[in-house]
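Take this structure first; my questions come after.
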Amino acid sequence: MKVGIIGASGYGGLELIRFLHNHPEVEQITLFTSSEEGTIFSQKYSHLLNILDQPLQRIENDRLEQFDVVFSSAPAGVASQLLPPLVGKGPKLIDLSGDFRLKDLALYEEWYKKEPAPASAVAESVYGLTEWNKAAIAKAQLIANPGCYPTAVLLSLLPLLKENLIDPSQLIIDAKSGVSGAGNQPNQMTHFSETNENTAIYKLNQHQHIPEIEQAFSLFAQDAPPITFSTHLVPMTRGILATSYATVAEGMTEEDLVNCLEETYADKPFVRIIRETNKFGTNQVYGSNYCDIHVKVDPRTNRATIVSVIDNLVKGAAGQAIQNMNVQFNLDETAGLAHVPAFI
Amino acid sequence: MKVGIIGASGYGGLELIRFLHNHPEVEQITLFTSSEEGTIFSQKYSHLLNILDQPLQRIENDRLEQFDVVFSSAPAGVASQLLPPLVGKGPKLIDLSGDFRLKDLALYEEWYKKEPAPASAVAESVYGLTEWNKAAIAKAQLIANPGCYPTAVLLSLLPLLKENLIDPSQLIIDAKSGVSGAGNQPNQMTHFSETNENTAIYKLNQHQHIPEIEQAFSLFAQDAPPITFSTHLVPMTRGILATSYATVAEGMTEEDLVNCLEETYADKPFVRIIRETNKFGTNQVYGSNYCDIHVKVDPRTNRATIVSVIDNLVKGAAGQAIQNMNVQFNLDETAGLAHVPAFI
Amino acid sequence: MKVGIIGASGYGGLELIRFLHNHPEVEQITLFTSSEEGTIFSQKYSHLLNILDQPLQRIENDRLEQFDVVFSSAPAGVASQLLPPLVGKGPKLIDLSGDFRLKDLALYEEWYKKEPAPASAVAESVYGLTEWNKAAIAKAQLIANPGCYPTAVLLSLLPLLKENLIDPSQLIIDAKSGVSGAGNQPNQMTHFSETNENTAIYKLNQHQHIPEIEQAFSLFAQDAPPITFSTHLVPMTRGILATSYATVAEGMTEEDLVNCLEETYADKPFVRIIRETNKFGTNQVYGSNYCDIHVKVDPRTNRATIVSVIDNLVKGAAGQAIQNMNVQFNLDETAGLAHVPAFI
Amino acid sequence: MKVGIIGASGYGGLELIRFLHNHPEVEQITLFTSSEEGTIFSQKYSHLLNILDQPLQRIENDRLEQFDVVFSSAPAGVASQLLPPLVGKGPKLIDLSGDFRLKDLALYEEWYKKEPAPASAVAESVYGLTEWNKAAIAKAQLIANPGCYPTAVLLSLLPLLKENLIDPSQLIIDAKSGVSGAGNQPNQMTHFSETNENTAIYKLNQHQHIPEIEQAFSLFAQDAPPITFSTHLVPMTRGILATSYATVAEGMTEEDLVNCLEETYADKPFVRIIRETNKFGTNQVYGSNYCDIHVKVDPRTNRATIVSVIDNLVKGAAGQAIQNMNVQFNLDETAGLAHVPAFI
């Protein structure tokens, strides 16, 4: 397979390279850029010396059409312009931005404050939450790869919502993320001295992943009232931990919830249910494509606390994108992705 | 004033020393220990060289009775034994452990899994949430200094509960803490390589600060149903950020909530209400005795998100303890505590 | 005393505010800016709410002349323009940039790649290494406050060079710094995701503090050959640890070196010699104006390893600046600076 | 191949598992323990759930003899007891401790303060610095895998010493390490709150890697006088950066040094020479088996600064161990080790 990557300089792009380089079916990786044409990639990123020493190419549709698959790691508002001309052409397309995720264009405009992508391309796109949409992904040309937060939230909540084990009307989701989710552009919010030794809440009630989560609830489980979802920045590079709170449905128990999760994911290689643990954290999936889930019901309140962890750059971005590529090409879902979590 | 500190080697003790050393009314600080008698303190902690070079003293009630005030930074289960013999004697007593906080001894046993302190001493003790209990603190001999999490949670929620601005029946509190809250004893949970680059949930539904928060709701605001309260460890040393979620009471608005908080704390030097912010984090109170609070109501859900930040070792421990000492001795509440937050 | 601060938005400025706010002789602090006139400072930096709520003022020489002392935390290349008009006028001037440190203007141009300050102002300036230049500082109007690295290096090496206890011809200095030394402007080098979990060497053989150290050797100890000095960025916010290596002079012992250091600083409140230690690190001076020094001689090599630690923002910048102000105004050297190191 | 791992619970063991799990020639991994027999490994380390769910086995020589290769990640002082009975038996043996590295047993006792391993086993062992000892490794049964610091130091200095490009008599090596090098046993030195936001020097002139480096100089390059080598702990988990300082030999230039390094490692897949860089750090080898080297000569001093970076747990431990296994079994040196550095 020949793979093209648009926007390789971003962190999504770097992670695509990290995994695709050792993917058994990938023969060739070519990098495209809108602004750094000719730059030798391993001079910009010396960790890739001897691994990817090619110059960045100018984005040209003629060239891109010749690849088997094109990943875009371009930012929201840019992918919406770059990918539509390739729809209906040869390559499979996998977009890591939010530009093709929201089917309701008005919602996109409201939350992203940008021009939406052309309606036809959005209509064409398939939401790439692999474990929940595999059949559609297998047939899709254009994949809208899920956001990092939605991946962590949806994998843990969808089974419980679908089986009516929790009350959708009182859902509170409190998410914590490492800083790499903010990308590679330096700004005050990601400046080391103001991020280190600091835990902060940001974009309160304004995060663009809110409508994405709500849309997926409708699509895969049930319509639910608007959710409360808040996002925090913690002083680490990788990892998302999402803590969700919901009232347990009448008559249901912790065991019912755990069983439902275990059954849903029994044959899914990248989702693991952790039954007992004293300390459940992001390091147990570090660097890997796993999503781990833990759930407890408090008998005092009859409320469930559902916790999930992912590596935001892997299962929350590049890893899931490759998992989707594997599905599109009918490969083993784990091809190139069987990295063991680093833990330390 | 002559001050004695029991358990000075712990982080609470070190912070007491940091602030008391420059307190305008403190003449002398003497350190007591149960196991390190004779150790020159600045040999154990060389950051205190030339500042506190005295040997640690053996704990003897005769000696302790001669101080104006005795702080105990001994752990829970130890303070309960050490302080009761001093009740009714000369010194004011301020305990930083959880041993005198819960008035219901059965609750103490249930959550702490330890023998409670003698009932008479517990009955005598006054809960030291300075902004809410000043009159009682002023007259008390024995102060049960609040826990770090409860301080952050109570200061932000009590006004809203007391004025019935939020619904107490759907309260969810998600707290994030730096690692210093776990104290100075090394263990796997605080081992650098397993804590760095890791955000984790721990003691889910089991944290001993739950009954403390519930008791304070009853005492200062209203009886409320059991709460959902969960605690997370983030890779930083200092700071707590507590994110609380509650349904806004019928007819109330964000402005009502903000006004209530501003009015409650108008004349309180250490509580600040932050109206507008993009990123609200623990570094804005770092190293100081402030508690900052921010609140937003989401019109989509009519739910309030109430966020508060403290330095867990200062307002959440030693700083509030000294603030209580100031109240007990009728000093300016800010004496020795007017440190500017470090931010970086 | 009335104090003006130019460039208060930088980290040097924030630290000046942190210490000056509680300085016993400072009545009023006024902030000046070249680009943010009218901004309410506590809206930009909410950690200063209720502490410093004033608007930033435009830089005007007429106004600045009326202060008792003006600190400049403007960057190199800017201070050189702003301060000279105030030379010979009323206020004492303390500059935290490198613009007035190098007496040889050609050297400034070579290492800073900028236009030097006017020769007359440079000639007028006094190097503000308090422990070594107190008499001149007391009489000076314009202080060139030392760089962070030079402070750590000079305090530890000057006594040994002056007394000929080490060989100046084989001096190697390896310095490690937290990221705050790079200031508050976000860039790739200080971007959290590329700085966290990374130790890096930078500006190898090019750091502008090299000529500053060499000039001070000549001024306070002896002429020495060019030094090898290299700088590393470690993933923490505050702190410098400088490890210096030198051959011990013929016939001298570790005891001689330690004694020399202890004697030199016997009456200096902010320099401490640590004799025995297993682990000697920056956290023992965190947040304080101390410089701690430790020295060992290896009998296998007859080489001394001399280690010093400072908080780069305090003794390496704002703290030493205030110490110099204290000297200029004949106050106790420790006024406003007696903060105990935080350690944790 | 069937692989046994003794001491799998340590960080060296965890990293062996991380790489061996995807090694193309490894069929089976079995874990051995001296104290946790029967523990399901993925219950102790939940990041290995579904990856390695087997119980830990008791160490029995009969069983161990049946493996193709046995790695020992047991600590120094323990490996010396466990491995000798297997010498001369079936399995290849690769020891990650320091117990078989020093050929001079008296030196071992002096620096490790422990009983040395039996002389015959030490005599048998081959030092596993792959790039420098490949022929001997290929024939060896027992490999003494190099220490983390020595690996970083030796790969960068051996070529220059061997070719007489630097003066061995004035060698100063200043090394910085992440905390994982201290292993998984919690203690005060690795306690998060005292390690975070702290850079410290430790074991000054006492580090047991000093004689290992000196021995390898003699073995692979030339006898050299005792070195100055010091070690620092920086607040990150993984990574070593070693900065070495040496006077350049008469008539030699920076270009000579760089060329020598490039030629030495031209056909070595895991050593890369970085010619130009502004910032050279450990993150460029993070999680990988690479050692990157950068060298500059300062014309002012004619001194070379030679900098190398490795991931201490990979090239500095488990990665190099597997590289040695590959050599022993005549596999491609990179088998199972072609991980791309993570960078972020």
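In order of appearance the chains are A, B, C and D, and numbering begins at 1 in each one.
Please note the rule applied: a residue touches a chain if its C-beta (ideal position, glycine included) is under 8 Å from a C-beta of that chain, and two chains touch if they have at least 3 such contacts.
Here the structure is a predicted model, which means the values were calculated and not measured.
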Original post:
Going by the average position of its CA atoms, which chain sits the greatest distance from chain C?
Top reply: A
Original post:
Nearest 5 degrees, what's the C-alpha rotation angle taking chain A to chain D?
Top reply: 180
Original post:
Pick the pair with more C-beta contacts: A-B or B-D?
Top reply: A-B
Subject >> Euclidean distance of C-alpha centroids - chain B vs chain C, Å >> reply: 36
Subject >> Chain centre separation in whole Å, for chain B relative to chain A (CA means) >> reply: 38
Original post:
What is the distance in Å between the mean C-alpha positions of chain B and chain D?
Top reply: 45
Subject >> Per-residue multi-chain contacts in chain A, two or more chains >> reply: 11, 178, 180, 184, 193-194, 196-197, 235-238, 280, 283, 286, 343-344
Subject >> Residues of chain D touching chain B in the complex >> reply: 11, 178-180, 182, 184, 186-188, 190-197, 235-237
**OP:** Please give the residue numbers of chain A that touch chain B in the complex, ascending.
**Re:** 170, 172, 174, 176, 178, 189, 193-194, 196-205, 225-228, 230, 232-239, 241, 243, 245, 278-283, 286, 294, 296, 298, 300-301, 303, 305, 307, 343-344
**OP:** Would you pull the chain C residues touching chain B in the complex into a rising list?
**Re:** 11, 14, 17-18, 21-22, 45-51, 180, 184, 196-197, 237-238, 269, 272, 274, 277, 280, 283-287, 292, 313, 338-344
